[in-house]
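The letters A, B, C and D name the chains in turn, as written, and every chain counts its residues from 1.
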Amino acid sequence: MSFEMFLFYAFAFLAVFSAVAMIGFVRHIVAAAMSLVVTMVSLAGIYVLMHAELIAAIQILVYAGAIVVLFLFVIMLLDLRDGGLGPAARGQNLVKAVGVGGTVTIGTLVVASVSGVFSVNPLVESLPEGFGEHRALGIALFTDYALAVELVGLVLLASIVGAVILAKRKID
Amino acid sequence: MLGPYVDAYLISWVVFLPLASGLLLLVANSVAGFLLRSNGLPKVVWQVIAMSSTSLTFVASLFGLWGRFDPEETGYQLVERVAWLPDYGIHYFVGVDGISLVLVLLTSFLMPVVLLASWNEIDRWSRSYLFFMLALETAMLGTFVSLNLFQFYVLWEVMMIPMLFIIGIWGGPRRIYAATKFFLFTVSGSLLMLVALVIVYRMNFEQGGALNFDLVRFVGHAPVPGVPLLDTVIPATTESGAPWWQTQLWLFGAFALAFGIKVPMVPFHTWLPDAHVEAPTGGSVILAGVLLKMGAYGFLRFALPLFPDAALAWAPWMTGLALVGIVYGSLVAMVQRDVKKLVAYSSIAHLGFVMLGVFALNLQGVTGAVLQMVNHGLATGALFVLVGFIYARRRTREIADFGGLARPMPVFAALLGFVVMASIGLPGLGGFVGEFLILLGSFGADPWAAVIATTGVVLAAAYMLWMYRRVVFGPLDKPENRGLIDLDLRERVAVGLLALPIVWIGVNPSPLLRRIEPSVSILLQEMELRRSHDEIPSAFEARSQELP
Amino acid sequence: MEAEAFDVAALAPLGFVAIGALVTLMLEVVLSRRAFVGEGVDPETRLVARARIGIVLAFASSAAIVLAMYAAIYQFELGFETAFGPGRPMLQLDALSTFATALIGLGALLSVWLSITYLPALRINHGEYYALLLLSTAGMFVLVSAVDLISLYLGLELTSLPIYALAGFNRRRLRSNEAALKYFLMGAVASAVLLYGMALLYGATGHTDFTGISQGFAGGGGLALSGLALVIAGLAFKVSVVPFHQWTPDVYEGAPTSVTAFMAVTVKTAGFVVLMRFLVLALPEMGEKVSVLLGVLAGLSMLIGNLMAVVQDNVKRMLAYSAVAHAGYLMVGFAAGTPEAWTAVLFYLFVYLFMTVGVFCVVIALAQGGREWDSIEDFAGLASQRPALAAVMTLFLLSLAGIPGTAGFMAKFYLVVAAVDAGQIALVLILVGTSMVSFFYYLRLPVVMYMQKRRQDPDAETSSSEIVVLALCAAAILYFAFFAQADPFGTGVRALDVAGRAADFLH
Amino acid sequence: MSIPIEHVISLSALLFVIGVVGALTRRNLIVILMSIELMLNAANLALVGFNRVWSVTAEGAARYDGQVFALMVIAVAAAEVAVGLGILLSLIRNRDSLNVDDASLLRW
């Protein structure tokens, strides 16, 4: 097994483990947020392995740097004494069980179908020079995808306005 | 000045005149208030407007439609056809034949009489009441003259809305229940008919016809007499390889459900007693006089000619249901203590007769059925009017609360006696001719059915006369009944107007029969022509070549 | 696909509403600065000032929307047809997108007018309301012209995020908070599911644009099919099709009524249009399987929507289930999948807009004293007190029920014709059967309005903006009941033909 | 040698399922939000992984559909969290609980 593969499995294990920890067995909500950070960072590592350096950087910047901080900020704001989690995943009723089962089935289906599909389009071994680096991706973003970037701007504006009006302390 | 327009669109004038004056009523109050600076006008103004417009409608239909109708000519007359939704083959398409003519006359005649009879009955929102009545009249007239299936369906459903409000707002104590039940039964029953209509329409298109909802093929200026209805070949059964929903049996069933509920035939009759008992007098008369005829008319105009094979296959069952209706209606009527309910159940029995005549599928039977529709409209209408009068005086309709009314109210007693006789079918009055023809036709189709139906005649005599005896004769033992005032002039005129045609039809039915019979015989020919014997596809081609 | 030159003019409708959103935001700040100098202003003055600012903002938003609609109609008339984006096509300008843009604009415009007096009545008159509404409208404009998964996803989020906030706009009311929360949680899960489906589709086909997907889709394969299923599920959530409808009643009930009206008509339109475009462009030969899947969704929606609506006591909740049922009727058109069916679906959406806005406008007209009058008892005897309001409400409900003489019937009729034509008899029978059920609950309101005694006596009056909306909706319903395909006033426009032209986007 | 795409997608599917399970079974609102983030991350992983498969056009030029998509998703995720937490805060002001089951005014 190459070093690359080793790193992949290590990151994969970390990601899955901390994800399960987040939804499963941590006791305090801050610990859950920390588990989320670990997952995010592991995924960033995997992105690097897959020649997506820019994504990896942004993943860490936005997720670890902004989103999880936002979570922590709200947790702090709420001042939860008991960790706020209560008993771990209790009493799942039938509907939820069916939902979970269905999703797992879909997931399994996906995994099962993956092998067949990719025989037609094998992994490209020789990537173009500088694939996934910030320069190439940046050029793509502001030429082919400029419209999408504009739209993301609008989405962010909408979320700012929405969040402000909802969270503002005093309104008349 | 308007002469040419009136000539060319005679039917439309008759149909839309009531609605126009109804809309006038709606806006008139604010306009009058604005002009006269008053808080609206008294009720009598609105009543006079409504009265005169309905009377005008009757006069127009009498002199215009009846006067210009040529009994010698078969097929539809006074036809008008204007594109409405042309891409879907939907036209505003009206015309009359003998069958619809008499029903149009019945409707336009009943309406002013009803308004006269219920002059003092409505004491709140009377303007809205009059509007609903007038809108109802337009919808009913429009339904009778429709020659486009889609237009027919629209008016058929729209008709229920004013009736819903008339029962629900101005009805008796259980009016909400009755109105809702009436509306849900009749409107939901027709939905399947819509699907069947659309299926027939698609089949017509798939067989190379135009996208067309018109009932008759339109050639040049007027439909050619005896032209086939919708050139569609509809397989009788699935044996021809058609999917089940494209067969006559199923399609006829969908139509029969809609019409059967409206008639009402027996398993679907439960809405009728409730609606009748709770409705105000005007609503009851229109309901019994006109709305119930819609079902039977629908069978004659649409279900039979479109699906002749299915009609034949269903005929024994429908006859059976009609007989059940006659016997059941009569028996239940016999045990009623409420006069209005008794009349309601007698309607079920009478309509059973009509359906019996229709499904005899021969000339006498069907002609008798059409005639009986008119008679029932007049006689039962008069009964409801009289019941309304007595209810207005005593606020009760229990038979037990009356007795000996002949003494304080002799005119009432005499008129009630006359109407009861008409309802039973005494020779010399209208009911006799109709029932006789139906029994004759039914005997030709199935003697046993005629025999069973005859018991219905006997039963009808029994419960009607028994009711009459208990109400009018006997001791005048209730103190409240002593001081009853006899009918005043308005009331006498209203009932008298209804009595007039009853006598006329009984004495001289031939003007009616002369107009009904040709249309009925065309209808029966049409059915025979469209029966899907094996040679039908070739017959279809031949017909298609005949016509441009 | 050869990308066209990037034509900024094509973005005009989107640009107008986006700029309008920014302008209203700025305007609010500027105006409130002038109105509230210092903290010492008494609350009464503040309220009056707020109401005035609200009117200005409403006019500004109306102007933006009207400009956008004008641009869209202009583009529709000229018959523009380009796929555009600065490099690769992201959005498609064609008859369908311009038609839907105008339609959504109309829904947004009417919602803005509904809000003018409603927001002060509930004391939630903040300028951000209009900005959020405009941003959401912009998102829907993107959505209906999206021809790429990326723009579809972004459009969907831009549509949804402001509506989550709008649903919770009445911050003092717990119900509104919870509605927002519920809508947000379920919506976020749904969009994550949608996103995952998109990722799978991309993986299976190697493309994110619809035409590329249709080329790569050939033969399907498990990956592509599961991706497709997830995408359909995600979109079905937005248009509240069973079994993805659970949010609908709570959000309809909890959100401020003007927001409910807005999302009921516009999100549904946008969702169905994008679903239509996705199905037609990405799956040109929509297989039997997809048709069956859509048919099942349609049948379930009609059954559950109509049955659940019967037992509701709250008018907004009842209308929510009726919305589920109507989504089911529309899905019948999707299961049929013929050009006539698309025409019928678009016409239905057009008519649905008037009926729904009208109904919610009546609910709004009853709101007063900071409270909604939205239980069925609150309508008792309305006809004796506000006869015109009761009359138009009856008209809207009859139209929703599909009684002839209303535009709702014509819409249903065209749908039935198209479905019969496509041989979907089972679905048509379900449609008809459940319509019978629907009469039960649509009839309840007219019955209580006309046939029961008035219990409460609020002395509210219908404001002029509400009268305009009600009159417009009622007139449209009556007009299209008889002239869906005719042109009695010589305008050269026939509604059904317009819908047909819009549905002809595939050629 | 590079990482087999099947493994990447399996990892992504696993994370997605974990996210769904978390969103459906946990009662704490913040944890539900985190689970939704996990789902979005799973989709991102799939997008980036698939971009590795579809990385060049027929002419040999680089293609970035998946990576660009992933970038957009990251931005949108941030926006979503902001709105979600805003809703949470306004709810908490009216009711002092983070538990979903306490949202009982409206039936779930």
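Operating definition for what follows: contacts are C-beta pairs under 8 Å (C-beta built on N, C-alpha and C of every residue); 3 or more make two chains touch, one makes a residue touch a chain.
Everything numeric here is computed off the predicted structure, so don't read it as measured data.
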Whose C-alpha centre lies nearest the centre of all protein C-alpha atoms? C
Taking each chain's centre as its mean C-alpha position, how far apart are subunit B and subunit C in Å? 43
Hey, how far is the Cα centre of subunit A from the one of subunit C, in Å? 31
When the centre of a chain is set as the mean of its C-alpha atoms, what distance in Å lies between subunit C and subunit D? 26
Once you find the CA centre of subunit A and the CA centre of subunit B, what distance in Å lies between them? 71
Among the residues of subunit D, which are close enough to touch at least two other chains? 9, 16, 19-20, 33, 49, 53-54, 68, 72, 76, 79-80, 83, 86-88, 90
Would you mind listing the residues of subunit C that make contact with two or more other chains? 150, 154, 157, 161, 164-165, 168, 171, 180, 200, 203, 206
Enumerate the residues of subunit B that touch no fewer than two other chains. none
Hey, which chains are touching each other here? A-C, A-D, B-C, C-D
Which stretch or stretches of subunit C touch subunit A in the complex? 18, 21, 25, 43, 46, 50, 85-88, 90-91, 126, 128, 131-132, 135-136, 138-139, 142, 150-151, 154-155, 157-158, 161-162, 164-166, 168-169, 171, 180, 200, 203-204, 206, 221-224, 226, 229-230
Residues of subunit D defined as touching subunit A within the complex: 1-11, 13-22, 24-28, 30-31, 33-35, 37-38, 41, 44-45, 48-49, 51-56, 60-62, 64, 67-68, 70-72, 74-83, 85-90, 92, 98-99
Residue positions on subunit A within touch of subunit D in the complex are 2, 4-5, 8, 12, 15-16, 19-20, 22-23, 29, 32-33, 36, 39-40, 43, 46-47, 49-52, 54-55, 58-59, 62-63, 66-67, 70-71, 74-75, 77-78, 80, 84-86, 89-90, 92, 96, 99-100, 103-104, 107, 110-111, 114-115, 118, 121, 123-125, 127-128, 131-132, 136-137, 140-141, 144-145, 148, 152, 155-156, 158-160, 162-167
In the complex, the residues of subunit B that touch subunit C are 83-88, 153-158, 161, 164-165, 168-169, 175-176, 179-180, 183-184, 187-188, 191-192, 194-195, 198-199, 201-202, 243, 245
State the interface residues of subunit A toward subunit C in the complex, per the touch definition above. 106, 109-110, 112-114, 116-117, 121, 143-148, 151-152, 154-155, 157-159, 161-166, 171-172
